[in-house]
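To keep things simple, chains are lettered A, B, C and D as they appear, and every chain counts its residues starting from 1.
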Amino acid sequence: MTNYSYTLFIPLIPLAMFLLIGLTGHKFKPIVSGYAGTLGLTVAAFLSYITAIRYFFIEGAVDGTYPMIKAVSTVWLRFTDTLHIDLGVLIDPISVMMLVVITTVSLMVHLYSLGYMKGERGFARFYAFLSLFSFSMLGLVLATNIFQMYIFWELVGVSSFLLIGFYYEKPSAVAASKKAFIVTRFADLGFLIGILMLSFTTDTFDFKTLTSLDGPIITSTAGASFMGLSVITWSLIFIFIGGAGKSAMFPLHIWLPDAMEGPTPVSALIHAATMVVAGVYLVARLFPAYAIAAPDALHVVGYVGGFTSLFAAVIAITQIDIKRVLAFSTMSQIGYMMMSLGVSGYGDHEGLGYMASMFHLFTHAMFKALLFLGAGAIIHAVHSNNMTDMGGLRKYMPITHITFLIACLTIAGIPPLSGFWSKDEILAAALHHNPILFGIGFGVAGLTAFYMFRLYYNIFWGTDRHYHHTPHEAPAIMTFPLLFLAVASVFSGFLPFSHMVTSDGKPFEAHTDMLVAIPSVVIALIGITFATIMYKKPSTIPDRLAGSIKGLYKASLNKFWFDEIYLFVTKRVIFAYISRPIAWFDRHVVDATMNLVGWTVTTASNKIKGLQSGQLQQYAMVFVSSVVILVLLFVYLISK
Amino acid sequence: MTFQDILLMRHELLLSVLMLLILIIDLMLKGESRKSLIPVSLTLFLGVVIIGFLPASEGSIFGGMYKTNGTTLLMKNILNIATLIVFLQSAAWLKKEENNQKLAEFFILILSTLIGMNLMISSGDFLMFYIGLETATIPLAALAAYTHHQTKSAEAGIKLILSSALSSGILLYGISMIYGTTGSVYFTEVAAKWSNEPLNIMAFIFFFSGMAFKISLVPFHLWTADVYEGAPVNVTSYLSVVSKGSAAFVLMTVLYTVFPAMVEHWQTVLYVIAVLTMTIGNLFALRQKNMKRFLAFSSIAQAGFILLGIIGASQLGMTTTIFFVLTYVFTNLAAFGVVSAISNETGKENMDDYNGLYQTNPKLSLLLMLALFSLAGIPPVAGFFGKFFLFASAASQSFYWLVFIAVVNATISLYYYLLPVKAIFINKNENPIPSFKSDVYTRTGLIIAALGTLLIGLLSISYEYIASLSYGLQ
Amino acid sequence: MMTEGIPLEYFLIVSTLMFFIGIFGFLTRKNLITMLMSIELILNSVNINFVAFNSYLYPHQMQGQFYSLIIIAVAAAEAAVAIAIIINIYRNFRSIETDKVDEMKY
Amino acid sequence: MNNQVMFFLLSAIILIFSVLTVTTRRVLRAAVYLLFVLVATAGIYFQLQYNFLAAVQLTVYAGGIVVLIIFSILLTSHISERAPRASAAKAALSALATVAGAILVLLTVLQFNFTPARLEKVEPTVTNVGRALVSYKEYGYALPFEAISILLLAAMIGAIVVAKKESNQEKQK
């Protein structure tokens, strides 16, 4: 077996950079910190690539299986006689894949930010936080046990809190960062309880033991049950709640759209490629446990994922802020991945959904980072986030335009771009296992194509707006990452994922199912077509249509009658009665629930303040009555 | 009784000697030279702390009234370190002109309460326990009322002494019934003769209420915030860390050694009280504007978490409780250290005064943030490990609902722990607290607290050492 | 025996009543010094308990008696500090009514 | 018979004057009533043949603490001053809590079956008390005796710190 112990340095280098920049950054010119951080990440990325090549191609599968290797492992703390907490580095297909994803995207973001954040106050601080974030995220994916993962999980929360709140002079950014922190931590309490339940039922924290087929979790499914489900199932559901929080699954997604207050490169890193997929990764990490010991929990994962993907796609249609469109799109795509895990079985071809999910995670990371970075370039050029302030940008920003288009086509699932391949596998898996979820996935594919091209046309086509100064292409340091990611988006679909990342580590052959592929391409094309009709030209059709029934009558006479009826349906009916209400619901009900919690707590706090009246005798009164009540309670009422 | 036996009382003897020594030195010093008492006392106390760590034998003397073993030594050493940090952080305050006349008294009173706590920890019967308890409380009331010219200080003093007198009255009534039903006040004999008659349970509840008062568990906590706010800030930090920590230790030891026969009963009592304490503490912490008051309610909520360890009634429970108190000591002293440094320098104690602190005092700001993150239980600082282990210990005994409530509370607490962070880093302020440099004592105290906060969780040796000394129900 | 014909329970009834009279006083008296006196009543009632138990049930040792002795000593210490603080309160507030001592609340 | 009369007399004094202590509106009278209670308690100790304890009760409690209290009353109040009454609501609530508590506790105490230990009695003579006080064996009280001295010393210092007049230097501030 090969020695992978050097992989320890992959997370440690960003940590060193964080400490270095954090402690000495103010002594140098800001740009030095930027270079240092980027250099550190380059090395980390290089090591990750080497690892990936060695793991997948040089070593390859041993006895037909990709092994799970503990490259480094030390017992850090003996918690009880049997339960100990280790620290280490775990190498297996998904962790290696995640290494590549994280270091690549992070490196691109580092490079891009050299241009994007230039001249910002706190440039060095920004790079310190980026390094901290990269460290936490790498630590998370390399964790050998669930406790270690939890530590890094929380660290990811802290560093994203720092990054989202980077513009701390902006009150909205501060509010958003706080919201993200508290909402995800609220979800983490599920994770924590899940860990505690799981570890005390199985007497281990270790992933390798937890997921091995003859390990305690899978062999001892019996145990006590609560409300018809076993403790293991409950614990895995709780753990999924943690994942759902980080991965912005409904209804814990409320932090994600607001988190767009952070600098755009941060959105690309955190909200496209890394932190938000942590939940998917978590479920994938424990996948054998879900699939074999707790299928009920896995169903929950599937349905939550499917619902979220539809819900978010519908909302994305109505958004004006381009970053919010991308945020909802991310939610939707991650819902896809969760759904895919939910419909997967274990082992061999049964595990198609698992493979597809990981595949989509990989391709999505590339094209979504590209979309965010492109959006950043655009925002940089026009100084606004709203698509109403944009239009006709294709002339001014050719590189951004082309790369953005590629990304849109990729996410829409047009062959042979990478998104097509991974989405196709997801739909195939869904069709095989759960027709309802397949239906949802299929619909979402069309919606995705539609809203992405709505976005695309609104930005790059349509009329020129009156810009304060002529928009111009971003500097090379910013366009290089765009080009790199565009290339990755195009070609990453050709990676033989089913030979590399599978549910049981054994490669299998995945075929393109024409029954799925053709309809999904067709619906994507339909979505793109409608977007083209509605948004490519500065057309007044939708508005005219929206005007009155009279307009509809006139319009139906002319030759576009079909399109116009469709447009009527979409704009007047679907938008007005479905998308907008759902968006409204999201903002005013789901979001408000969280505010309601806050309000309740504050009100309760106000109500009981009288208890603390400052009157000594009142305190004594409470003391004495409490004693009396306790005696009454425990001596006479609850007698054992 | 041999000399060896006497040496078992090393901690108490050294502290008593030190106390008398300071009294004598004080008599010899006049006027300005009084200030030299600070370094002298600190050095001597440092010596005591170090000697406390030397290996010692176990044993019991005075017919079982006093017993010592690895666990009690560990507890005493934790309290010693905490007191040392408090002393270091108090130096700046003691140097002020107004305290010149009563400098030695501060040391003497604190040391006497420390002796009381040590005696309480080592006590083998309810009599020594009671003496320890009172010795640990009565001088504290005098300390709370230490500042003459502030009405709040006097108010804190009277509230502390009268409430504690009432609570110890109730506690004593409980002990008298324990004596009446079991025929002894020796722990071992009480444990042997214990039966779960109504009168026994009632006696226990009276006794427990008195202890709950010391740890400020809801609903016996009402004195806490007022006393914390009114007392001089260094006394407050002593109260919230050392006094509370020692009481938690003792409650745990007594529950495990004296009342194992009624474990189910006291687990139910603790369950109810823990839920109340965490929730009420949090609800009140949300609305506080004064930093000392804020930390007071925060420490009430933290006390609720301590119960999660104690309730386990197992070796794991004891380990995690001691470990949590250890992390709590450093974390809370880091927080109080910053508050006290600012209070001593500028007299400001309100959260609004902290607005924009980061601009002028970045180091203090970062330290306070670290401490608050630790209190909120965010990794990788010590508080996270402390809390996680407590939860794990409660979960290992299948108290899942309790853990759930605790985790919800920990999440709510994050909200208010971020309030001062927001004030420091984000809120605008025309005149922030000016930049200042603390004296060497304060800085040392802060550094020790900061290192502890950062490292205690990461160095697994501390946990494993505690685990090796812990025991479950006797 | 000087206690012939007096069951133990009588002592306990007296002491318990005294205990709660003390508590009542603590809860209702406005003057801080009377509150302190109420505390003395409480402690005194506990002492009666200890002594009665010792004498009736466990005369083979003197635990109850010594407990009472110690309580008396502690009460003295407590009273001394409390009175010192009360005098200090009087200097600061010009009053020793407990209602007035409520600068800090909520 | 005499015993019973004696006991009931003492009990009556204790209870009546306890009630008076906590209800009278004149602070100084309350202190005097408290003194009666403490003396009657000493009487009960005599009856139980705890002479040493009774003596301590009279000297420390009655002689020491009550005198301290009376001094402090004289320092802080006028003799003619009448303490204000507690509000009716507060008094009612307190009465409710205390009566409920008393009934609950009495019920619990009285239903317990106290069984005396049948062992040889140690007479609480001054000799025996003195011997136990310096003994460091089991049922010896040398350690509490020492420990309480620390408490007394600390309390004394504490009381002085709190009560002593501020120096002129401080007052100028």
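In the analysis below, a contact is a pair of C-beta atoms (placed from the backbone, for glycine too) under 8 Å apart; a residue touches a chain by one contact, two chains touch by 3 or more.
Just so you know, these numbers come straight off a predicted model, no measurement behind them.
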| item | value |
| --- | --- |
| Comparison of B-D and C-D by number of C-beta pairs in contact, larger one | C-D |
| Distance from subunit D to subunit B - Cα centre to Cα centre, in angstrom | 30 |
| Inter-centroid spacing, subunit D versus subunit C (mean Cα positions, whole Å) | 5 |
| Centre-to-centre distance between subunit B and subunit A (centres being mean Cα positions), rounded to whole Å | 43 |
| Whole-Å gap between the CA centroids of subunit A and subunit D | 69 |
| Multi-chain contact sites of subunit C, meaning residues that touch two or more partners | 19, 22-23, 26-28, 35-36, 57-58, 61, 63, 66, 70, 74, 77-78, 81, 84-86, 88, 101-106 |
| Where subunit A touches two or more other chains, by residue | 609, 612, 614, 616-617, 620-621, 624, 627, 631, 635 |
| Interface hub residues of subunit B, defined as touching at least two other chains | 127, 131, 134, 138-139, 141-142, 145, 148, 157-159, 162, 166, 170, 177, 180, 183, 198, 202, 225-226, 287 |
| Topology of the chain contact graph, where touching chains are joined (line, ring, star, complete, other) | complete |
| Subunit C-facing residues of subunit A, complex | 609, 612-617, 620-621, 624 |
| Of subunit D, residues touching subunit A in the complex | 90, 93-94, 97-98, 100-101, 104-105, 108 |
| Parts of subunit C lying in touch with subunit B, wherever the complex brings them together | 19, 22-23, 26, 32, 35-36, 39, 42-43, 45-46, 49-50, 53, 57-58, 61, 63-64, 66-67, 70-71, 74, 77-78, 81-82, 84-86, 88-89, 91-93, 101-106 |
| Of all residues in subunit D, those that touch subunit B in their complex | 105, 108-109, 111-112, 114, 117, 136-144, 147-148, 150-151, 153-155, 157-162, 166-167, 169-170, 173 |
| Sites on subunit B touched by subunit D in the complex | 1, 16, 19, 61-66, 97-98, 101-102, 105, 108-109, 112-113, 115-116, 119, 127-128, 131-132, 134-135, 138-139, 141-143, 145-146, 148-149, 157, 177, 180-181, 183, 197-199, 202 |
